[in-house]
Amino acid sequence: MSSPTNITPIDELAGAVPDGAKVAVPADYAGVSMAATRALIRRRVRSLHLVGVPTSGLQAELLIGAGCVTTLESSALTLGEYGPAPRFTKAVRDGSIRLIDATCPAIHAGLQASQKGTPFIPLRGILGSDILKNHPDWKVIQNPFAEDDDPIVAIPAIRPDIALFHAPLADRDGNVWLGRKRELVNMTHASKTAFVTVDAISETSLFETEEMAAGVLPALYVGKIAVAPNGSWPLPFWNGAQGDDSHMRRYMEMAASDSGFEDYLEQFVFGESAMA
Amino acid sequence: MTVADEKKALICLIAGLLRDCNHVAVGAASPIPGAAALLAKAAWGSPKHVNILGSVANNFFTGGGGELFDCAAQGRIDAFFLGGGQIDGKANINLMGLGDYPKSSPRWPGTFGSAYLYFLIPKVILFREEHSRRTLVEKVDFISAPGTSADHIYRKGGPFGLITSKAFFRFDKDKERFRLVSVHPTSSLEDILDNTGFHFDYSEDTPETPSPDPELLAILDRDVRQKVAEVYPNFADAIFPMTSGVEHVK
Amino acid sequence: MSSPTNITPIDELAGAVPDGAKVAVPADYAGVSMAATRALIRRRVRSLHLVGVPTSGLQAELLIGAGCVTTLESSALTLGEYGPAPRFTKAVRDGSIRLIDATCPAIHAGLQASQKGTPFIPLRGILGSDILKNHPDWKVIQNPFAEDDDPIVAIPAIRPDIALFHAPLADRDGNVWLGRKRELVNMTHASKTAFVTVDAISETSLFETEEMAAGVLPALYVGKIAVAPNGSWPLPFWNGAQGDDSHMRRYMEMAASDSGFEDYLEQFVFGESAMA
Amino acid sequence: MTVADEKKALICLIAGLLRDCNHVAVGAASPIPGAAALLAKAAWGSPKHVNILGSVANNFFTGGGGELFDCAAQGRIDAFFLGGGQIDGKANINLMGLGDYPKSSPRWPGTFGSAYLYFLIPKVILFREEHSRRTLVEKVDFISAPGTSADHIYRKGGPFGLITSKAFFRFDKDKERFRLVSVHPTSSLEDILDNTGFHFDYSEDTPETPSPDPELLAILDRDVRQKVAEVYPNFADAIFPMTSGVEHVK
């Protein structure tokens, strides 16, 4: 339905992410575009407002370490079993990034509010938590349908400029297949556009069967697509590779120091060929 | 008692707490609770539904990352597990970090869904293996999710109890305090009192945590190890000998 | 994951719908269980509160005509090109059913509120419409995030007892495949349980491939399943049959009079074998 | 002019109004607007996206029945069509019925999504073939969706114009009135004045609606008929001769 012109090289995709953009990214298990992350660091993007949907991991860690991030809005930044994320930990200690700490369903609700074009969605829970005390955007309102005192948290819409993620397939019309990772659909609907890296291009339409169609993000919502086989490396991919355990261990060692992290970037980001 | 035996005893203890549930959801990074849920399902067919989040093969959600939270709000999740870098005597949990937020040091990953799920899932089991004055404190530095709420706050769920490597506590909602239920065989009341940073109710003759039922242990070793190995391979390697040859065992 | 005991004969499925139940049903194009509708009339169910998601058609028309419905909550009742629904038209003129007339996105929003366990979702539009003036449940509130006067309609949760629909496939674990008809997922999540008729039972798990899994409603949400091949007849089915045009024309003729409608029920509902 | 020619002229007229759009959504029961959208896409590649709702093959939504409304609220739908049993001079539309609601007589199907989409889609084209004092009234009996709103009401869209079998009106939002743009060749200003129940602005020398561009007509007959026949088979049979043999024509 759209012309194939939105399939671009990955560095062009990264080049189209403006400094200061609000970028929504998925959790480490849902299809993170690490290939685009490295391309963003190579293009030396600045002042990103990252939204972890609902959390982030290595992607935010690298971008924070490389000085690309002003604000991290997320429910967590975790490297899982590898332990505390060294660059994130340092940035928090130094106060060098602004934190908007949320809770997972509130990130989803904020995106759904944007998706519905409504100013907010009220959400149960959260009351009495220190994340409510510290969150700059949430408001406690009275449930208008309750007769008694019934406070509820109103979560305002989160509208990212770009949803950025990795998926198995796109077709020549610009449709993307993402299976049951519907948080990617929600974050895309909520965002002004989506930039997607894919393992491969399908030469037949993803709408050809209803089985495939059920997992399609339509081209209408997709701004740019770049082919990046195994583009979530070194993270695992739900529809493909296992995580690269030895690389992650190497990262943890190198990122323990400022200079080690610089070496890591030099070797694995600026010298991307090392990946192959 | 080997470390593997201790972990199996925890699995069996937790499994027994899930027997009255229809649907138990477990995080992908929670092998002991996950193994317990799988064991309970295998042993008693109850819980009927076990959902391992973040896994592909053992996660039946198809609505995206938000489905867990909606499902909890619908009253369709009966039990869940939360941990915490700090847990205090009012069952408040801290997943954020120590010191003055936002300049936490150390900073931990963050609150995840705890601030929501703790309100909506009837049986939230706090699980934290490390039992020390560092983890079990009088008052947490940051409330990721509060253990209790005022009466007018909409709250369908909350803390059921706390399980550590040393003991099992139940939480008394009315008193807003933990009560020591049993002490694991590797510990003692004195050890608990020495290593718990919050005040709690107990009796001098608090019983020892019963040893796992041999039949339940047998089911774990025989029927559940393969399933556990699929979801938590590293953990299975640690608690089941010869896990790598498990295909040949069956 | 669940035992196969929830696969039952269709008359048992209908028998498990209590009098007075609030039942959510899809629009005519999304998979209507006409087989279950006939079984409900046979079991002489009474006092249903039907929720058309977001509209209804022949299903509501038949149930209204047969005296099974007390309240119709919907954005429309339409038989499409066949023209005005005769039994519905008569019931409205006689005032014999209670109408809760809504607009499509408000039905979806009310179900989503229930799905999220939140008391309401605010929605743009609607202001100045006579459906707002007449709706018993909606409230106009001030947007708490706006500084100026900014009224918005708060749509309270709609929580049906049962979501009732037709789908292509279920498996032995009780999972149901419904492709990209995600309004069926939303209405099921919003309801206490779902009763589903299917064309066929799959002997392999619907979770076997990620392609199929993307269109699955998990067994957790499904209360009862009955096999009813071509169960949406005489309506069309998105994953199968065309509508039965000559039967629809016959219905329109017969239902034009009270006695003709009784004959229709006798012939096609109470004498179900006529279907085969 | 045959009936088929009149309908083709309407299709071409509407197609021209969609040329500045990226995404046009059309109801499955709206063959003339649907054919117009498909024609505009074929002729100019603009709109780029045409979505025929309720169809399987020509509907690219994958998020369920709510996606249309969300998509509109996101500002991603540029044009849509609404009709009405009654349309009044302030562009209010009535899809509910005549007489005293709720005991309408006759009762029509209902409001569908109009009360929402009319506020959110920039270019809503009112399309009602029947041009009579019965359909075009001074004031509708029931406002399914209002044509105008006070300034403080959030409103991103509304009526662009009204097309009937006799004429094309634009809606002037500031004056809250229709203005007659052109009269179709089969009608006359006098005919319009006789058969319109609401007041509207016009000039005595209102032009005739231009005949469709022959090239556009040729594209419709040649390139779009097959597509129209896929989506609206009965309609295609009526306006294209020999539609049943259309496979052989291409």
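Brief remarks follow.
For clarity, chains are labelled A, B, C and D in written order, and residue numbers in each chain start from 1.
The rule we apply is simple: a residue touches a chain if its C-beta (ideal position, glycine included) is under 8 Å from a C-beta of that chain, and two chains touch if they have at least 3 such contacts.
The chain list, named the UniProt way, goes like this: B, D = CoA synthetase.
A quick note: this is a predicted structure, and the numbers were derived from the prediction, not measured.
Counting hops only between chains that touch, subunit B reaches subunit C in a minimum of 1. If you take subunit A and subunit B together, the chains in touch with both are C. More C-beta pairs touch across one of A-D and C-D than the other; that pair is C-D. Distance between chain centres (mean CA atoms), subunit A to subunit D: 40 Å.
Measuring from the averaged C-alpha position of subunit B to that of subunit D gives a distance of 59 Å. Subunit A and subunit C have Cα centroids separated by 36 Å.
We define each chain's centre as the mean of its Cα atoms; on that basis subunit C and subunit D are separated by 29 Å.
Residue positions 109, 112, 116-118, 123-124, 150, 152, 180, 185, 210, 213-216, 238 of subunit A are each in touch with at least two other chains.
Residue positions 56, 61-63, 67, 69-70, 73, 120 of subunit D each touch two or more of the other chains.
Contact topology of the protein chains: irregular, matching none of line, ring, star or complete. Chain pairs that touch one another, listed by label: A-B, A-C, A-D, B-C, C-D.
For subunit C in complex with subunit A, the residues that touch the partner chain are 109, 112, 116-124, 139, 141, 143-146, 150, 152, 154, 156, 179-180, 210-216, 238-239. On the subunit A side of its complex with subunit D, the touching residues are 1-2, 114-118, 175, 185, 189, 207, 210, 213-221.
Within the complex formed with subunit B, the subunit A residues making contact are 26-27, 29-30, 53-55, 74-78, 80-81, 84-85, 88-89, 92-93, 95, 99, 101-106, 108-109, 112, 123-132, 134, 148-152, 180-186, 238. By the touch rule above, subunit D contacts subunit C in their complex via residues 28-29, 54, 56, 61-70, 73, 95-97, 101-120, 142-146, 149, 152-154, 234.
Those residues of subunit D whose C-beta lies close enough to touch subunit A in the complex are 23, 48-49, 56, 60-63, 67, 69-76, 120.
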